[in-house]
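The letters A, B, C, D, E, F and G name the chains in turn, as written, and every chain counts its residues from 1.
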Amino acid sequence: MIDNHILAPVFIHLFTAIIQLIAWRKTVSQRFLSVGGTFIGLLIAIRLFAKVYTEGSLHMNASNWEAPFGIVFVADLLSSTMVLLTSIAGFAVSIFSSVGLSRQRMLYGYFPIFHFLLMGLNGAFLTGDIFNLYVWFEVVIISSFVLMTLGGRKAQLEGAVKYMAMNILASTFFLTGIGILYGITGSLNMADLAIKIRNFDNKALVGITSIFFILGFGIKSAVFPLYYWLPSSYHTPPSAVAATFGGLLTKLGIYAILRVFSLIFIPDDFTRTLFMVLAVLTVITGAFGALIKTNIRRMFSYLIVCHIGFMLGGIAMFTKLALMGTVFYLIHDIMVKTNMFLIAGFIRMVSGTMDMQKLGGLYKNYPLISLMIALVLFSLVGIPPLSGFWPKIYLFQEAFVDKQYFFIAALIIGSLVTMYVIAKMWADVFWKDVPEGVAIEDKYKDLPLFKKLLLVVPILLLCSVTLYIGFNAENIIIVVDRITNELLDTSPYIRNVLGDKAFEQ
Amino acid sequence: MINIILAILSTVGALSILFASIGVLRMPDFYLRLSVTVKASTLGVGLLLICAAIMFPDDVSVTTKSIAIIFFLLLTAPIAAHMIGKAAYFIGIPLWKGTIIDELKGMYNKETHCLESDPKKADKNAEDNIAHTDDATD
Amino acid sequence: MIKFFLMNLLLSFIWVALTGSLFYSNFIFGYLLGFGVLWIMNRNESDQRYFYRVPKIINFFFFFLYELIKANVQVAYDVITPKYFFKPGIVRYPVNTTTDFEINILATFISLTPGTLIIDISDDKKAIYIHVMYLKDKDQFIKTLKTGVERKLLEILR
Amino acid sequence: MELLLVLVLGLLYAAGVYLILRRSMVKLLLGIMLLGNGTNILIFLLGSITKGKPPVIDSNHNVFQDIYADPIPQALILTAIVISFALTAFAIVLLKRVYALVDSDDLDDLNTPEEEDI
Amino acid sequence: MSLETYFDFVILPILTISVLLVFIRLFKGPSVVDRVMALDLIITIGIGIITVYSIRQEQEVLLDVAIILALIAFLGTIAFSYYIEKQKDD
Amino acid sequence: MLFTILLGLISSILLIPFGKRFKSSWSILLPFVPTVLFIYYLGYIPKVASGLTYFQEINWVPSLGVNFNLKLDGLSLLFCLLITGIGTGIFFYARTYLKGHPYFDRFFGYLYLFMSAMLGLVLSDNILLLFIFWELTSISSFFLIGFNNDQEASRKSAMTALTITGMGGFFLLAGLILIGNVAGTFKISELIEYRDVILNHPQYPLILGLIFLGAFTKSAQFPFHFWLPGAMKAPTPVSAYLHSATMVKAGIYLLARFFPVLSGTDLWTYTLMGIGGFTMLYSAIHSLFRIDLKSILAFTTISALGMLVFLLGIGTKQAVIAASVFILVHALYKATLFLVTGIVDHETGTRDITRLSGLKKVLGPVALAAGLAALSSAGLPSTFGFIGKDLIYEATLHVESHWILILTVIAVATNICLVAAGFMAGFKPFIGSLPQEFEKLHLPYKSMWIPPLILGGLGLIFGLFPGFIGNYLSYQTANSIYAGDTEMHLAIWHGFNTVLILSLVTLAAGTFLYFINKPSAEKVGFIEKFEKISPQQIFTGYANDIVKFSERFTNFFHNGYLRSYHMKIILFAEGLLIYKLWQSGPIKIVFDNLTPLTIYEVAVVIILLGALLIVVSTPSRLTSVVAMSVIGYCICLMYVFYSAPDLAMTQFTIDTLSTVLFVLVLYKLPSFLNLASARERYRDSIVALGFGAILSIIALKVLYEPIKTETSDFYGENAYILAKGKNVVNLILADFRGIDTMFETVVLGIAALGVYSLLKLRLKSSEKE
Amino acid sequence: MRSIILQTATRYLLPILLLFSFFLLLRGHYYPGGGFVGGLVASIAFVLHSFANGTEATMKILKRKPLSLIPVGLGISAVSVVLPTFFGLPPMTGLWWEEKVPVIGMIGSALFFDLGVYLVVIGVVLTILFTISLTKD
């Protein structure tokens, strides 16, 4: 079905950013614009999701050229869910930023670039064209570079250089893959590619092409052994930025893998084995890393890596249940990881540091907020019945059926380490008293109530979404189930984009 | 007839480029090489462009473009040569040992990058860039 | 002077319009025709500069082309023979130009003339430093330049 | 000619990879640029190359009268060039900032100690 | 011999050889200014090559590229010389 | 039934906003909830005793089969009564015990949460629901153990407990899901029907192993037992409630619940007998060496848990009966002893039994409770403990194998130690002479000593009237476990038989042991020498090794050097691509399809490659930039040759601008240092050339494929007619694929903003966020 | 440091290059060129000016910060992209004036789109270069 307003989630952020650029250096108006923009964005995303949920997949032929000749945008349930989650996270981060970020950074374009980033993410989720996806990736990459370096402190620059180098490498792989793909099919439209690749006889060449996408998306989603950029950089930017990154960037990689490997390159045995090996190693790597880090955000970074492994494992098995696990985990992860970094920001705000050895006493001073944070942390660990628990059931189930014992071990190790480090963090940051000789600089305490609320409400918002996911898992599963059907049977997608003519040949 | 004109023009053009190239390779110092390039290349390329204009007599745009290119080359080539030559002298790229005179010696104020016109104001202690010992190319 | 030039241009456009063929050759022919007409009509006017200048420009063009080819041949010969014939040097060339534009044009043409290359112009615009390839005698060189390129050029410009 | 382009793109990739394995940040940048160029050539080559037939319709006609080069790879490369320019520009400035901070383009000098509270 | 073959087998090869010779200078250096100068010349010769090529292919569209080259190639040279000179200060 | 679970949860949540009020006057309401629940479940006794089983089903996540499937049978009811009954006592006790504590409200919040979780656990008829509550008990226990969170030891114990039980929890989850997969249902009551399927399934050992891991960790079986003594850092009510009476029995409950589904195989029997037997003896002996009251109780608890596992392992009818009774026996006397310990600790400020004596003079009722509990634990005839012990010996003596002797000896030996330990905890502090320092003590508030007295008294009452408890409670409990009629008849007197002799021998030997075993600090020191080989040390050692290994692993891969990351990424890419290429067969080239070679193209390529060589090898930065320009320019020429004027223009302008940019930045930088050794450069160039070669080969392979021009044909045909333009490339950029261009300009814009902010924004060092 | 030759030449080159950039912008639909190249050439014109006369002098010519060109350009392009949705068409659909305009040819939303691109490119290139050259480090 055609809907010409699919790109509204993109344009709302584009125009917000443009207006903010016009209001350059007017930080107050930028703040209002940002919160307003993300709020409208959220409404638009809800509308899109509701429409797709009730009426089925939508598409839009940009420039009014029929697919595969123009760029087509497709909103199926996966896309619109991702857009919705991005919008929720964006809204929360936007509110948090309005107080949680230094004015200096706002003066130099934080908000417009933040909106460009959201725009890029939404675009990437909605596009049905592989090269256009590359463009969105670049929008995301460049805005994240800028956000990463905003402030220009040494650690930030170090992180940014590594982040940049490896992400550009990822783009290079991705673009090379697109080049080869165009070379063998003469097409860029993903639905069209799906058909052409299926009819393409030289399967070995298709396999080679898929490697480039694995590499590109693998780097993007921080899969072992391509993950280095993530723990090198995520601990450096301001927390609001890190929240957007932690919640959404790697997940864009996972989304891309899901999309491209369900539609174009249906995983063969090799790919699945490869994914599985990588998944297990990714979990282990993330777990080991998280175990030894004492800086909260460094630890979170490794946890991101660890949990990417969970999702990749689900893709590796590529069955209904496994994919349900992955998609559910994806939904949960976006909400929780975003919140984790906001929490990190809050912790920095109340104590001036992120080093667990220097932190302490939060539970004593902020008991209610601490308990709310505890809920988020438990969701991350997957304490049942919170959100992280449900997808693991699917993953375990399918792993047993598929006899993926290494993955089961990885799931257990990953979950256990996550639990351990989070408990340790709880003990160190919240339970422990402030260590002797450490001066706490609590900037939060002296803020007016309104500003305090602006810091806490986003955490609360995301927390409630997480709780919703956990306690209303049934509703999420219904969505996840439909998404998984979309992924496993792509003919409705192809028919939606190309019409019935697609299957006539 | 027109073919012969074209052949001559293009040959002269191509050869002058070739000689310039040989010159660039063979000349013993930077300034000599630079001197060769400007003329030869503009003359050579100019002639080739004229060929193009003649080749497509009924296409106004080709002629226009050719004239434009020649004009731009004439305008920019000397400037580029001047800029790079000046920079080279300033950083002390040596002149060939056979150079007979260097009146630019000491005329640059190394701090302000100012160039004097009067020899009396020149920095008498400055060394000229003429290579005294060896072939400057190496 | 500008008036004549514009008039001349107008005439050549009218010619192109009349004949209806938009070729350069046709335009140039129209221009020359217009020049002739204007010259004949304005022989008694006091300001004859325009009518002298056009032939001078053409004259300079051929002079310059000749110099260009001549020196190119010289350089070519020098380049392809094993032995170097040149005697290079950097010469300070005093100028008495008045505007930036003049000095600029002069410098450009000196650079384009084979064997010479502008290295720099002094900040007070009173001297040009020229790298010369075939420098037999410094004063002789300056004199040739003064009477050659500089004079012909300034005649056109002033 | 295709074979030569194959060689060129291979060597562009190789040089790019070699340079990103160096310690100098300038070389890293050059490497990234070379990789970009290599990718462009790859797209150009694999999109099939045609000599002397630009995809511009003759001014006297409304459709192509002759075969013409595939315009799509060209458009893709154009986009890619512009994007890599954006990235390169930003990276170059990042290099400048790094140099101002650590007074070297050695990437190893940039590493922050783990303990440092950031 | 037709003009086409003359261009193909005489003019273009001469230009090619020229450009290669200049490149040898670029390769050899010895100083950066030599290289910058060689680059400038290579581009200028390239304009010639493009001209001849567009004559041969009868594609005047390609001359547009030559215009751009002629107009802005020297910016690179200027940038180089500007900073080569500036570098001396610091 | 669901409301009983929710009641605790809601109370727990209500304590968050209203906690402050409960700290003072309203605190009397706190024990109200468990009392009500206890009474509620008491009401079920007659119904359940008549053989009824109650079910409740409320949908929650039906697609996953996770629903509120609740089931109340004998086993559940026993546990419900324990949880709420002992809970009532504990709540009353704790209200006084913690009076005035700043986190009084939080404590009860956690306690409510725990109680609900525990109720949910034992009522669940759905294995995933069970697991949910299982984890909740771990979490609430984490908070309770770490309640005194300003003490490091307390935090550490909480961490250990959570790590061990959490680990078990994840294994359990895996096991439960596997069993659900195998049987095709998550309902426990349905699982029994699939018993044969499960037992014969090849993954049965795995199921068993995973579930055992869950149970053993939770129920502190060797070698996972060490978290339990550590957990005694928690306030005493917690130790009494969680770590003796209820939570640690969750593992036992689990084994009992799955008994009808999984038991009966050698694997089941021997594993449980082995682990349980070893645990009970090992920790019983350990308890003799302790001087800290809580420590003694912790080890005896472990021992009792071992006993239960042991009995479930034996798996005979008698063993099941013994287990179902012993659960109750143990809960009563152990809770009593803990509460007493709490009072002693509370009043005297010490738990060191070498310092405590004669307290009965000042703490009369407390001493009575302790004495009753100690006697029950010792199994003095006419106490409930006697019946429990009886049944245990009955069970070991009725094993149908040649193991009888060994099993009986182990059981007897364990019980002897337990008798001694029970006396140490229940008698020792109260008898003898009262030290002067304790003379001024007086009885605490009655809500503290009444609960232990009631619990201790129940041990006597149930012992005197075992038939009552047997018929109404334990019978159905045993039936639920055994999944059949166990024909249980509890009585004080079974006649003079082997069992009675064993009981008396045990009692005598235990009393004797109590008198000869004088606990002292030296003994503690002696046993501590063995700690190097204790599981805790081994675990900690492994944990440290894991941490060390993690550190090495993490630092090996993530070593801070960008080039090494690139190296790994490239090598990985090469590995994959080479494998794929090797599979894809030989390279084929159709030379006829190639465009002919011309001299100028060759020259451009030569120059390009030469420039490439300069870029990689020059020590001068400006030279490398010059060479980069040459490369860009050569590419530009190639675009001209191959019909891409737009590309050539853009490439050239952008290249010029990049050069300007580069020069602008670079002129200040020093020359390249040669930072790599020849060997490194050699290695890197091989890797790099390999990568290039791979790309070239792939390109050749793609070139062999036929060209498809469907889309470009469409563009060619429609460019002017529909899109009103003639330059197709520009049309693609501005129309067909205009969206690409739109957002590509955004990329440019962002880059510019980035440059601007990067250069202009200077933060103060204090500005971090 | 300054060169008189370059300064004088720039006085002529700046208008020529700007004119040329417009030319490239307008003809893009029919011949090689378009917003990108046009914008690049225009910005090169200013860069050249800044080389000859110093960045401050060029900033004076521009009057406003080049940064402010970016939102303007983006806004023009974005509006021309979104405009068709108000006519019930998908974004980016070409809208055309009925009549041909002399010199330029058909005027449509694509031209505005290209104009936006042109402005953004100028803004971007100049922001980058001028920020660098005006920052002392």
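The rule is simple: a residue touches a chain if its C-beta (ideal position, glycine included) is under 8 Å from a C-beta of that chain, and two chains touch if they have at least 3 such contacts.
As the structure is a computational prediction, the values presented were derived from the model and not from experiment.
A.B. asks: Return the chains common to the contact lists of chain C and chain G.
C.D. replies: Intersection of chain C and chain G contact lists gives B.
A.B. asks: What chains do chain F and chain G have as common neighbours?
C.D. replies: Joint contacts, listed by label: A, D, E.
A.B. asks: D-E versus B-C: which interface comes out with more C-beta contact pairs?
C.D. replies: Most C-beta pairs in contact, of the two: B-C.
A.B. asks: Farthest from chain E in C-alpha centre terms, which chain would that be?
C.D. replies: In terms of C-alpha centroids, the chain at the greatest distance from chain E is F.
A.B. asks: Counting only Cα atoms for the centres, state how far chain A is from chain G in Å.
C.D. replies: Centres of chain A and chain G (C-alpha means) sit 36 Å apart.
A.B. asks: Take the average of all CA coordinates in chain D, do the same for chain G, and state the distance between these two points in whole angstrom.
C.D. replies: The answer is 23 Å.
A.B. asks: So what's the Cα centroid distance for chain E and chain F, whole Å?
C.D. replies: Comparing mean C-alpha positions, chain F is 70 Å from chain E.
A.B. asks: Using mean C-alpha positions as chain centres, tell me how far chain B is from chain E in Å, no decimals.
C.D. replies: That pair's centroid distance is 13 Å.
A.B. asks: Could you tell me which residues belong to chain C and also touch two or more other chains?
C.D. replies: Within chain C, residues 107-108, 118, 120-121, 123, 125 contact more than one other chain.
A.B. asks: Show the residues in chain E shared as contacts by 2 or more other chains, in ascending order.
C.D. replies: 15, 17, 19, 36, 53, 59, 61-62, 64-65, 67-68, 71-73, 75, 78-80, 82, 84-87
A.B. asks: Mind pulling the residue numbers of chain D that touch at least two other chains?
C.D. replies: 16, 20, 28, 42, 45-46, 48, 51-54, 56, 59, 72, 78-79, 82-83, 86-87, 89-90, 93-94, 96-97, 99, 107, 111, 118 - these are the residues of chain D that touch more than one other chain.
A.B. asks: Between which chains is there touch?
C.D. replies: The list of touching pairs comes to A-D, A-F, A-G, B-C, B-E, B-G, C-G, D-E, D-F, D-G, E-F, E-G, F-G.
A.B. asks: Write out the stretch or stretches of chain E touching chain G in their complex.
C.D. replies: Touching chain G from chain E are residues 61, 64-65, 67-68, 71-72, 75, 78-79, 82, 85-86.
A.B. asks: Residues of chain C touching chain G in their complex?
C.D. replies: Counting only chain C, the residues touching chain G are 100-101, 103-104, 107-108, 118, 120-121, 123, 125.
A.B. asks: Touching residues of chain G toward chain B in the complex: what are they?
C.D. replies: 1, 3, 5-6, 9, 12-13, 16
A.B. asks: Where on chain G is chain E touching in the complex?
C.D. replies: 1, 6, 16-17, 20, 31-33, 37, 41, 44, 47-48, 51
A.B. asks: Show me the residue ranges of chain G that touch chain C in the complex, using the header's touch definition.
C.D. replies: Going through chain G, the ones touching chain C are 3-5, 7-9.
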